[in-house]
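Attaching a single structure in structure tokens format; questions to follow.
As written, the chains take the letters A, B, C and D, and residue 1 is the first residue of each chain.
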Amino acid sequence: MSSFFHPIRVSWVDTDAGKVVHFSNYFKFFEEAEEAFYRSLGLDFDAIEDEFGIWIPRVEAFCQYKSSARFNDLLEVEMRVSEVRDKTIRYEFVIRKRGDESIIAQGHVVAVAVDRKTGKSTQIPPILRERLSQPLVGEDVGEPSL
Amino acid sequence: MSSFFHPIRVSWVDTDAGKVVHFSNYFKFFEEAEEAFYRSLGLDFDAIEDEFGIWIPRVEAFCQYKSSARFNDLLEVEMRVSEVRDKTIRYEFVIRKRGDESIIAQGHVVAVAVDRKTGKSTQIPPILRERLSQPLVGEDVGEPSL
Amino acid sequence: MSSFFHPIRVSWVDTDAGKVVHFSNYFKFFEEAEEAFYRSLGLDFDAIEDEFGIWIPRVEAFCQYKSSARFNDLLEVEMRVSEVRDKTIRYEFVIRKRGDESIIAQGHVVAVAVDRKTGKSTQIPPILRERLSQPLVGEDVGEPSL
Amino acid sequence: MSSFFHPIRVSWVDTDAGKVVHFSNYFKFFEEAEEAFYRSLGLDFDAIEDEFGIWIPRVEAFCQYKSSARFNDLLEVEMRVSEVRDKTIRYEFVIRKRGDESIIAQGHVVAVAVDRKTGKSTQIPPILRERLSQPLVGEDVGEPSL
């Protein structure tokens, strides 16, 4: 699958007293890119979860920090759905400053489909599996807002 | 009503690149004190909301910043229920460093009872009104955890 | 002064167990709009603070909540510099869903110039005062990223 | 090294619209335990960093989510310094509900000493290495505040 790109502007609140983005916030940036990705697919994640009586919580999150981001930096999250298995989806993320090759942070997140009634893991809905296996039809290439 | 005190230790994530607590986090500190207050009363806020078919969202929040708090500071939130009206509850907050008279931040929050079905404001449940008008029976006076 | 508009997409992390945006996050939305506003002016706030040996912390923040915002909502923050006094700047904010007239939240923030050495309030730098008194030259009108 | 335990009460703001703690907040809980651990040792991390002209940023963070935590839950973070190498420190974390054996989340964080001038990795200061290799002298066993 090709990559999806999502811009993120570092806000003051994202920083900590070390004058860099707090390490936990990169996970928010990962998630924000994932949300933009699903909007770009025109998939209503919530509706799909409701229809199939499931939810798809994260079971694993990982990030390596290579460099720092600072207030007002314009970042770009590159995201890829690297694996869709029977019950799990795996996303890979790389964060750079826009226009810069060097990596600030990279990591992955794994989510699993869970039946709401039984609380047990279950199948990823076919509609989701199909869409995630297709080439990207939407891409977040517009200029970021200021 | 007498005051309720709740200790809060400033974490690294609460700070921003100015090396002080981010202004938005004082509202979290207000809320954390309010939550401790309700636990001290033995009132299950959620259960009360469910029983009466309401929720009690905030309609107003205000904070004045007099000084700064920094990483590792041990703060104390003084909280008071200053007014219980027909449909609203008003909380006042003062934040100081423990053992220090000078004020770091102070403000208030107003919450209103809302009927879940109609979406309109409604009566504060009597059980809540009664408990809030009594002198404090619990108080968060224990040593804060490290 | 005319209004400045800044779009904000509600992320999952902005919500709370009430399924709406947590009340403290509206202050982050206010700040994000303010940051976009200064970028639109081409003013480097940090550089100005360094040049004049000051910082301009918030001394007051206020928000009224009229309605709720939810996951994936596209909000628009309308911001106005309503007053530039000798030592203070006051910003007014109104948050709506894009394309919807009804107000979700509105409030204000007051910031004061503080001399870094003395810790006392001081003059807003003339360069900042001048630019804030001019009509807006930049405006954040582009489409929000997805 | 023996384990260090730190209690954390789940606040409303920690939750998301799924009515559970947002996955990114477990990294904050990890960090809060780590901060309490260093306070228990009587080590001023900031002072050590200043004395040696270094900082010790995180280079890796990982979490597996086994179950969910909800508003008002009283959690306990078990933390262990699992490895102190030449330039890195590794912390392991397990989060449970207090009084419950089952694991909600577990993970690790790796931090590396970095020379502030050169930006290159450098030795963990001996004073830190020595203290981290000793048995725990302090432990956060007190009752959590309400």
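Operating definition for what follows: a contact is a pair of C-beta atoms (placed from the backbone, for glycine too) under 8 Å apart; a residue touches a chain by one contact, two chains touch by 3 or more.
Given the structure is predicted, the values throughout are model-derived calculations rather than measurements.
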Pair joined by more contacting C-beta pairs (A-B or A-C): A-C
Cα superposition angle of chain B on its copy chain C, in degrees to the nearest 5: 180
Distance between chain centroids, defined by C-alpha means - chain A, chain D (Å): 25
Distance between chain centroids, defined by C-alpha means - chain A, chain B (Å): 34
Centre distance in Å when chain A and chain C are each reduced to the mean of their C-alpha atoms: 27
Sequence positions of chain D contacting 2 or more other chains: 12-13, 18, 20, 24, 28, 31, 71
Touching residues on chain D, where the partner in the complex is chain C: 12-13, 15-20, 22, 24, 70-71
Contacting residues of chain C [partner chain B, same complex]: 18, 20, 23-25, 27-28, 31, 55, 57-66, 68
For the chain B and chain D complex, residues of the former touching the latter: 6-7, 9, 11-13, 28, 31-32, 35-36, 39-40, 46, 71-72, 138, 140, 142-146
